[in-house]
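Each of the two complexes below includes subunit A, the first together with subunit B, the second together with subunit C.
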Partner chain A sequence: MKLSILKVLSALLLILPLLACTEARPLADDPAVEVRLRHLSHELRCLVCQNQTLADSNAPLAQDLRQEVRELIVKGLNDQEITDYLVVRYGDFVRYRPAVNAQTLLLWIGPALLLAIGFGSLWWTLRRRNSLLADIDNNDQEEKEEEA
Partner chain B sequence: MRPYLRYLLPLAIFLVLVGFFAAGLKLNPREVPSPLIDKPAPAFDLPLLSDVGKKFSPEQMRGQVWVLNVWASWCGACRDEHPVLMAMSRQGALAIVGLNYKDTNAEAATVLKNSGNPYQFVAVDADGRTGIDYGVYGVPESYIIDKQGIIRYKQIGPMTANVLREKIMPLVKGLQ
Partner chain C sequence: MIPELGQFSLILALLLVMLQVGFSFIGATHNNQLWMSVGTSATRGQFIFTGMAFVCLAYAFYANDFSVLYVASNSNSALPLEYRLAAVWGGHEGSILLWTTTLSLWTIAVTLFSRHLPAVFRARLIGTMGLISIGFLMFCLFTSNPFDRLIPAALDGRDLNPLLQDPGMVFHPPVLYMGYVGFSVAFGFAIAALLGGELTQQWARWTRTWTTAAWIFLTVGIAFGSEWAYYELGWGGWWFWDAVENASFMPWLVGTALIHSLAVTEKRGAFKLWTVLLAIVAFSLSLLGTFLVRSGVLTSVHAFATDPERGLFILIFLGLVIGGALILFALRAPQVGLGGRFGMVSRESFLLSNNVIMIAATGAVMLGTLYPLFLDALGMGKISVGPPYFDAVFVPVMTPAIFLMGLAIFSKWKNDDLPTLAKRLKWAFAVSAATALLLPLVLGKWTPLISLGVLMALWIFTTAFVSLRQRLQQRQQGWLPALFGLPRAYLGMIVAHLGVAVFITGVTMVKGYEVEQDLRMSPGESAQIGGYVFRFEGVSDAVGPNYIAAKGLFKVTRNDKLVAMLVPEKRTYMVQNMPMTEAAIQTGFFRDLYVSLGEPIGDDAWAVRIYIKPFVQWIWGGCLLMAAGGLLAILDPRYRRRKKDEQIAP
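The block that comes next holds the complex of A and B.
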């Protein structure tokens, strides 16, 4: 009996966080608008909880911005125009996926660049080591020949 | 490769990284630079807190250097900032206009009645729409706007006596 109460309590404990952090629920009016809103809000950043998208965030500003985006969709703006609308106000940071431009180029190609440098130095080191080994072999041979 | 270079090169790379991290630690990730700097202040036409029949629009401030201070009665940091705004308004170097953000008029008016009103005008942005146009994402925020209506500076978070002395006053002097 005691055990089952404990089980129920721990089950409740497990459920609690789920209750607290449900994904912000969009208000469904027009399903097509809501689908676009959901898609767009995954591409936009909430500026209050900066590591969350607009879709994930329950912050009041995120709710306002979702409402704003919803109205822009109804007005007939396309995704690009809506993103631009927010970038003009909040800056590039509002894009959850950084745009590729001169400022973010290093961010995008940096990892590939580092990988290339890594492979380059590996190749260079191996080649050098091979030629050193070849030298040692040659020297050994010469020494042996001299001894003989 | 010269033998000493083999030890110095990693050390140099390490020092460069330390430099980057040290600079990164000093940055405040909450401060997102505003794209509105050096752009015209977005227009709005909002009711006044003191008299909802009348309206305020930034056009009215043409020819003056002024500060648009976004605040709310529910915002704790705004209370910290309030004495600085009072000092600013006593100095009278520039006009302060409040944008009361997502607040109720009764509560906003109570705050001003109890702790003093540093504002020349307070415009009411009840639904936060104008806030979105200004890229407000956390109150308090303040915009210094020049005589031509161009935003010159944005203070994110409360203005302190230090910020006022070091940044805002020199800037305003240059704009006057």
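The block that comes next holds the complex of A and C.
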């Protein structure tokens, strides 16, 4: 009995490496780096494409740029430092999330502003409308009373 | 010969549409029946000749006539027939011809299905649509002629962009254009009403059907495009906030607002001016979208300067149409009555809040799309505004609309109060909130965004359910006959709103729980992802009609049972020597398995990208439900029953 268990175990030991061989490897050496790269490259623009993120592009230049970002991650830079580095090299064009500065202030507060103006004017219009309608009603009543 | 025939047909169509405009407007001014009916007949002629030009161009593609410049630039003799025909709208000139043809299709539909309209109103409507036709026919003939000859003829064509060689190309553009151009009918109704100074509730009822019809096409067209991008581009995204997408999304948002404000105007006679303005804006955005996509400003503001003819033409046309409409609007605005009274908390005010949000959302999309162009034009540097911006801005703007949706289904016309509403909806909210908090925990990953998404979807589901139950209880019948007895407009509204919930579910699940793996795989290797085992069997070569391909074979099993054999391809299209990724997808109700083949990386190994995308089909399923809701609403007999009374009205 004991022998057979040993046999099975040794057989397993022989097979295991074979099984492990057929398991596909991740493309990248370090999956953690890859996760960060994927996250970052969704915010970066492929500089030679029509309108694509770095993550989505298969252009050779995009692959080079991804490699560059990968190396920066391995060097230990954080996301902000990497973005800053790329902006210095390639300009603001490279980032899909525009920086907040004097130039882009309107871009960033615009939607909130629109919503506020929209609801403000709706509220104002509805109030004005109701008071106008009330005036009309009052006038009608006065006319009726005068007629009577 | 045939291309010249097409060219000649276009010229005839232009002359006929001038008759259409002239006779319709003059006839309307003098209330002359004969002139107005000549205008309508000219519409038929215009339709026939525009259609003939379109057929002539299609024939040139069919016959591989490379002496036509446009055919030589967009087709190739090796291109399969269906794509040769789809190549008719594969480039600028053909797209404009498709626009024009679609417009004449809508115009002829208006003449056929609007016999019940007062003659003068109808003539003005047809005249207005004719004015737009004139603009586009002239644009076609003078700046973008698809029939220009190439002498000497090319030996073969430069081929259709391989990205476009897909069944999606056959359906997506025509359906999308039907939607885009369909808003011209709402625009025509608005202008005709302003000209006649008769903004009635009846006007709103007429406009509603046409607006919803266009909106259905636009919804389906956008969904088609999104699904196409999902399987064709090879990285599994479904919306990229690309400027071209935004150009179609803006009219959709305003069209949605218009449908809701038309409800207020039809039922309560209120906010007529606002509704008319929205009708004008919806079509203006369609034109703006055409301008953005067609003038080349999107690629670079400098493209506009190097070839200013087309851009300038559309810009002037845009100015005339929008400017003219707004001036007319300003002139007529003071004469329009106020309509029925309603409280600050009422269905009316909820629907108008929807409008505010939709317009703000449109503004946000427009801001993001145009901002980089303006900065560049002003020489203030180049910036990129992409998905991270739109995601950050769009979701917070739209979230309140989803919550209002649940309230609005329940609220009463004229007046309602919040405490009663809250009482009626407390269970719906409690159930949604509790599930939203707990469900993501059960699924194994909790983030605020996932929870919010689940909350919004469930909120719509539960409120719709409670509303439906309430309605059914009011009718003392079995629930099935009662369900069919409900007004179709109401059912349509419920179905469309459920579509939004299904859509949100899809987006939330796929954003929250998608699994993505980049692998290096050699034949015989397998990868275990999310309970599925993907075994890479190897790559074989294949030859298509105009490309060569490497076909990968993946065997997908779950618990040792075969789930799918997936065959992603890496194609190289020979004419343009362009590589294309054809992903292999097994779609399912709860998840898609998505495999895309990357580059060979030595020793038989390939870079492979595998996704498991939960609920991703719900995104498009939701859009189709929205469209189905619109269709149900159009089919409501209410819109046909009253034809008789309308004929009596002046």
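Observations
Rule of thumb we're sticking to: the second predicted complex is superposed on the first by the 120 of 148 C-alpha atoms of A that agree within 3 Å, B and C clash if a C-alpha of one lies under 4 Å from a C-alpha of the other, contacts with A are read in each partner's own complex, and residues count from 1 in each chain.
Note that in this section a contact is a pair of C-beta atoms (placed from the backbone, for glycine too) under 8 Å apart; a residue touches a chain by one contact, two chains touch by 3 or more.
These numbers come from a predicted model, not from an experiment.
Within the superposed three-chain model, A:Val48 lies in touch with subunit B and out of touch with subunit C [touch as defined at top].
Judged by the touch definition given at the top, the superposed model places A:Phe93 against both subunit B and subunit C. Touch criterion met: A:Pro111 reaches subunit C, while subunit B stays clear of it.
By the touch criterion stated above, A:Glu68 is placed in contact with subunit B alone, subunit C being left untouched.
Between subunit B and subunit C, C touches the greater number of residues of subunit A.
Of the two partner chains, subunit B is the only one that A:Pro60 touches; subunit C does not reach it. With the contact threshold set out at the top, residues 50, 91-93 of subunit A are in contact with subunit B in one structure and with subunit C in the other. Against subunit C, in their complex, subunit A makes its touches with residues 21-28, 34, 38, 42-43, 45, 50-53, 55-56, 58, 91-98, 103-104, 106-108, 110-111, 114-115, 118-119, 122-123, 126-127, 129-130, 132-133, 136. For subunit C in complex with subunit A, the residues that touch the partner chain are 233-235, 237, 240, 242-243, 299, 338, 341, 343-344, 349, 352-353, 356-357, 359-361, 363-364, 367-368, 371, 375, 380-389, 392-394, 396-397, 516-522, 524-528, 536, 579, 581, 598, 607-608.
Of all the residues in subunit A, the ones that touch subunit B in their complex are 47-48, 50, 60-61, 64-65, 68, 87-93. Of all residues in subunit B, those touching subunit A in their complex are 29-30, 32-36, 102, 127-129, 131-135, 137-138.
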